[in-house]
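Both complexes below contain subunit A, partnered by subunit B and then by subunit C.
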Partner chain A sequence: MADENENEKMDNENQKPEKMFTLKKWNAVAMWSWDVECDTCAICRVQVMDACLRCQAESKKDSYGKQDCVVVWGECNHSFHYCCMSLWVKQNNRCPLCQQEWSIQRMGK
Partner chain B sequence: MSTPARRRLMRDFKRLQEDPPTGVSGAPTDNNIMIWNAVIFGPHDTPFEDGTFKLTIEFTEEYPNKPPTVRFVSHMFHPNVYADGGICLDILQNRWSPTYDVSAILTSIQSLLSDPNPNSPANSMAAQLYKENRREYEKRVKACVEQSFID
Partner chain C sequence: MFQEKGQLKFEDKWVHMRPIVLKLLKQEPVSPAEWQELFYDVHLVCLWDEKGPGKLRDHLHEDIVQFIKQAQNRVLAQRQEEALLKAYIAEWRKFFTQCNYLPTPFRQLESSLQGKTTSAGTSMQSNNNKKGASDESIVRKLMLDSWNESIFSDIKHRLQESAMKLVHAERNGEAFDSQLVIGVRESYVNLCSNSEDRLEIYRENFEAAYIQSTEMFYRMKAPEHLANNGVLAYMRYADAKLREEEARAQRYLEAGSNGVIQCCVKVLVGNPLSVLLAECAALIKDGETERLQLMFRLLERVPEGVQPMLKELENHITQAGLADMIAAADIITQDSEKYVERLLELFRKFSKLVHDAFSDDPRFLTARDKAFKSVVNDTTVFRLELGTGRSIAGKVVTPESKCPELLANFCDMLLRRTPLSKRLTSEEIESRLRDVLLVLKYVSNKDVFMRYHKAHLTRRLILDASADSEKEEDMVEWLREVGMPADYVNKLARMFQDIKVSEDLNAQFRTSTERHDAINIKILNAGAWARGSERVTVSLPVELEDYIPEVEDFYKKKHSGRKLQWYHHMSNGTITFSTNSGKFDLDVTTFQMAVLFAWNQRTHDKITYENLRLATELPDGELRRTLWSLVAFPKLKRQLLLFCGIASAPKDFDEHTVFWVNQEFALIKNGKTQKRGKVNLVGRLQLSTERSQIEDNQSIVQLRILRTQEAIIKILKMRKRISNAALQTELVDILKNMFLPSKKMIKEQLEWLIENKYMRRDEDDINTFIYMA
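On to the complex of A and B.
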């Protein structure tokens, strides 16, 4: 009996590292929400997954406008609404966040 | 009529209210969201301390792709502020980025008060005194601070 109790104690102790692991997971959650923050278009301040301010102001029907307004990623990995960025690069072909020369890596949703 | 520039300014205002930077405040005028009134409090440990400096900010429909025109209404004695209140600050001219908002503009101007750039002077007298006679510079700035209470 005494031995079994001893074993249980050992088990409990073995669980401690697992708790440490849970804490690490908490960190990961915080990182994730930070990423979401970065998904806001820094030019118009609307989430890149939503239509940009210009499309919101101009679109006759919301759902239709949303399909047209795509996201563009630069080589620097910064993303913006294509609408917002195409207006800006006309006057200055640099990423407004990191000042690197702007070149499109990909476009889409 | 709600244009993209006006919508963006509504967002700027919301952010300024929800997350107010220390030492600055601003709001659109009652009948026109394209014209704002703002106040910058003189930063601590600078000769501008205790001053309340008023500014106007005028936006165009091209905002945020074009910077607004920012002007001190209060009389200023600063190497980078023109006699008419206009401000010589790179981010309001050639280094403008459409990612800036009112909050960023006001905090940049506030830090310009702490760190003047005497090498691109808008007020050559202020720039010269700042470089060569700091005591006299501070005396002239303090006079502005006192005047800002009356304005």
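On to the complex of A and C.
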């Protein structure tokens, strides 16, 4: 059987060239990051890709704790940790960077 | 009895009393009547004759002295030492017994003599009670003092001498009646009438003499023994003698004084200390645990004895450890497994030595740890150049030990599917990982270990090459347990989480479309996996390119606010290679795929380097490396690609070098060509580009600088002001789980912080720093 198959293939190659290399499996790797203009959260000074300071401190307790520390964008297009911003607006409902009135444009998911 | 006071004279009564007193002194029988008579007479004399008590005491004294004189003569009549002691002890015991009887009839006298100082009546009675309670009678004191003054002062030197001669004889191995020495001691102890310090006479005379004669004896004997028999025999001798003297002191001396043992220690150990210590290094070298035990036991008794031993042990471990490493340098620099096993073998050997010879005494354990540290962090055998690129920084970086890197490599061999991890049982792997953590404890630059460990973990997870995923996660927890920085460990944990999330995502993606069972996606958190690492551009083969927008669309539906970046240098896959003679499955990197697929349109063509570059759009370095892996893969006898010209390294290709597919490609197993088969050409998965490797090294140095600044500010914020020395200590303590900051770096960072007004020096003391908010 195997030999027959190969003969077939050789024949095929002579007629219309079959591809020498064919893809069997591809393990593609990509990295995601928040689509932000500034890497660092201006409130806690931690990179937005990492959990904010509070979440880091809490996640120490349960080591695999879900670090659901997402990013939030304001209408002004400035972005912060959601945790940080929700504490901030309790004091002052303005964006810490541009002083515009804070309203959420979108949340990271 | 009813006569007028003064009519009854002391002299009249004394004639009756005296014979009874004398009989008592000589321990001759006294009838009860006589005994009672004596009480009565004492009472009368004290009551009726004003001067009676005084006279009574004087006469009594005279008689006692008289009696003692006779006793002394009897004692001194003995010429022989032993007989003299025997006689003395006999006399003393007799006399001492009388000290308990004779005072009884004279109680009244005591009261009267006391009464002279106190008023009378009730207060006298209370005084009496006190006297009785303290067991201190005037007559008794009179007796003991008289004995002390007359007989004892005269012959105490002879007594002591004789007693010491006996002890001396015993030291020389002659038997004698130990009761004699004990008897003399007892007389010294009991003689003392000073109630504050009952041992005064004993200590000033007997004990002093005992110590002196002991010291004399060993001063003579010890150096002689040392000279004749050598140090090793001498240590046994000294040890035996010390025990012997301890036992002897218990027999002959009062408890509670350690003087004689201290003196023995001084003479037996303290004086020849340097000679003994000179032997220490050789004993450690030869692993003479019993003798070391002995030496430790001896030297521990003198104040400066143990310190030099610790030094010797530390030196030995450091030197022997390094010598061992250097001797085996050829093997261990190549083979992390051999290196770690060699290290552990050394550790076990020296730990056993410390255990056997020094019973794990904490001081010796510390010395051992210090030595281990210097072995592990030594840079003579191999060094890791944290090359910051001298041209850029213009500074010479101190080399560091390669140990952390090798440890991480060894971990990788245990955790990845390798011949080693297949050979070992789960328990063996666990115990070896624990061993790694043990060695890691001594490594000063743990940040280097962390970097390599993380890189290895990244490769294992991306290539799905872990031997045991449970063990992988255990290892993360163990790293946490041994005190690795939490942010680092959290990132590792995050990586496992990401892989699981990706698996789910991949399953969802496959069900969302029908034709995609050829793709496997891993979408990972850039923060945990690859911060700042540079991406490499490549023009993907169409077969791959097609997937990209679909995956991106799918991902956008799942998440928002995220952007994706493809890391093609990390991705990989399997392709089927069909030749005239066979069909092979090749595990390849995406770059290798991009190069090979260039031939799909022109199977038998020869393609120049330049054209491959245009086709793949790979950067020069990457293309050269990728081609090299296809023309010269170490495990293959027949290579996949062939080229014209001579090249012994990737850099030897030039733009006109031509490459073509080897149509004769085959796998060769046991000398036979195979028509089918699978081969892995991935090799070591590349995580970063050449340039970013230099950046990686720089980032370690940069991170250290930041960590140091951070730690300095943290300390200052807390302390407000702090001396330089204290700051350095606290700094090392904070940073020790990451790296050991060099003095130079600390100084540079302090200067930087001062320049940038985070802190300032005290105006009066330049070695004190003050925090500036």
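Note that in this section the second predicted complex is superposed on the first by the 63 of 109 C-alpha atoms of A that agree within 3 Å, B and C clash if a C-alpha of one lies under 4 Å from a C-alpha of the other, contacts with A are read in each partner's own complex, and residues count from 1 in each chain.
The rule is short, and it goes like this: a residue touches a chain if its C-beta (ideal position, glycine included) is under 8 Å from a C-beta of that chain, and two chains touch if they have at least 3 such contacts.
A quick note: this is a predicted structure, and the numbers were derived from the prediction, not measured.
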Could you say whether A:C84 touches subunit B, subunit C, both of them, or neither, answering first, second, both or neither? first
Subunit A residues touched - subunit C or subunit B, whichever exceeds: C
Check whether A:Q47 is in contact with subunit B, with subunit C, with both or with neither, and answer first, second, both or neither. second
Look at A:Q56 in the shared chain and tell me whether it touches subunit B only, subunit C only, both, or neither; answer first, second, both or neither. both
Taking the superposition on A as described, I'd like to know which of subunit B and subunit C A:K109 touches: first, second, both or neither. second
Of the two partner chains, subunit B (first) and subunit C (second), which one does A:L97 touch, if any: first, second, both, or neither? first
Common ground on subunit A, meaning residues reached by subunit C in one complex and by subunit B in the other: 56
Given the complex with subunit B, which residues does subunit A contribute to the contact? 42-45, 52-54, 56-57, 84, 87-88, 91, 96-97, 99
Would you tell me which residues of subunit C are touching subunit A in their complex? 462, 464, 477, 480, 486-487, 489-490, 493-494, 497, 518-531, 541, 543-544, 547, 551, 555, 558-568, 570-580, 582-583, 585, 590, 593, 596-597, 599-600, 603, 661
Would you pull the subunit B residues touching subunit A in the complex into a rising list? 2-4, 7-8, 11, 15, 64-65, 97-99, 101
Contacting residues of subunit A [partner subunit C, same complex]: 6, 9-10, 13, 17-35, 47, 49-50, 56, 59-60, 63-64, 67, 70-71, 73, 106-109
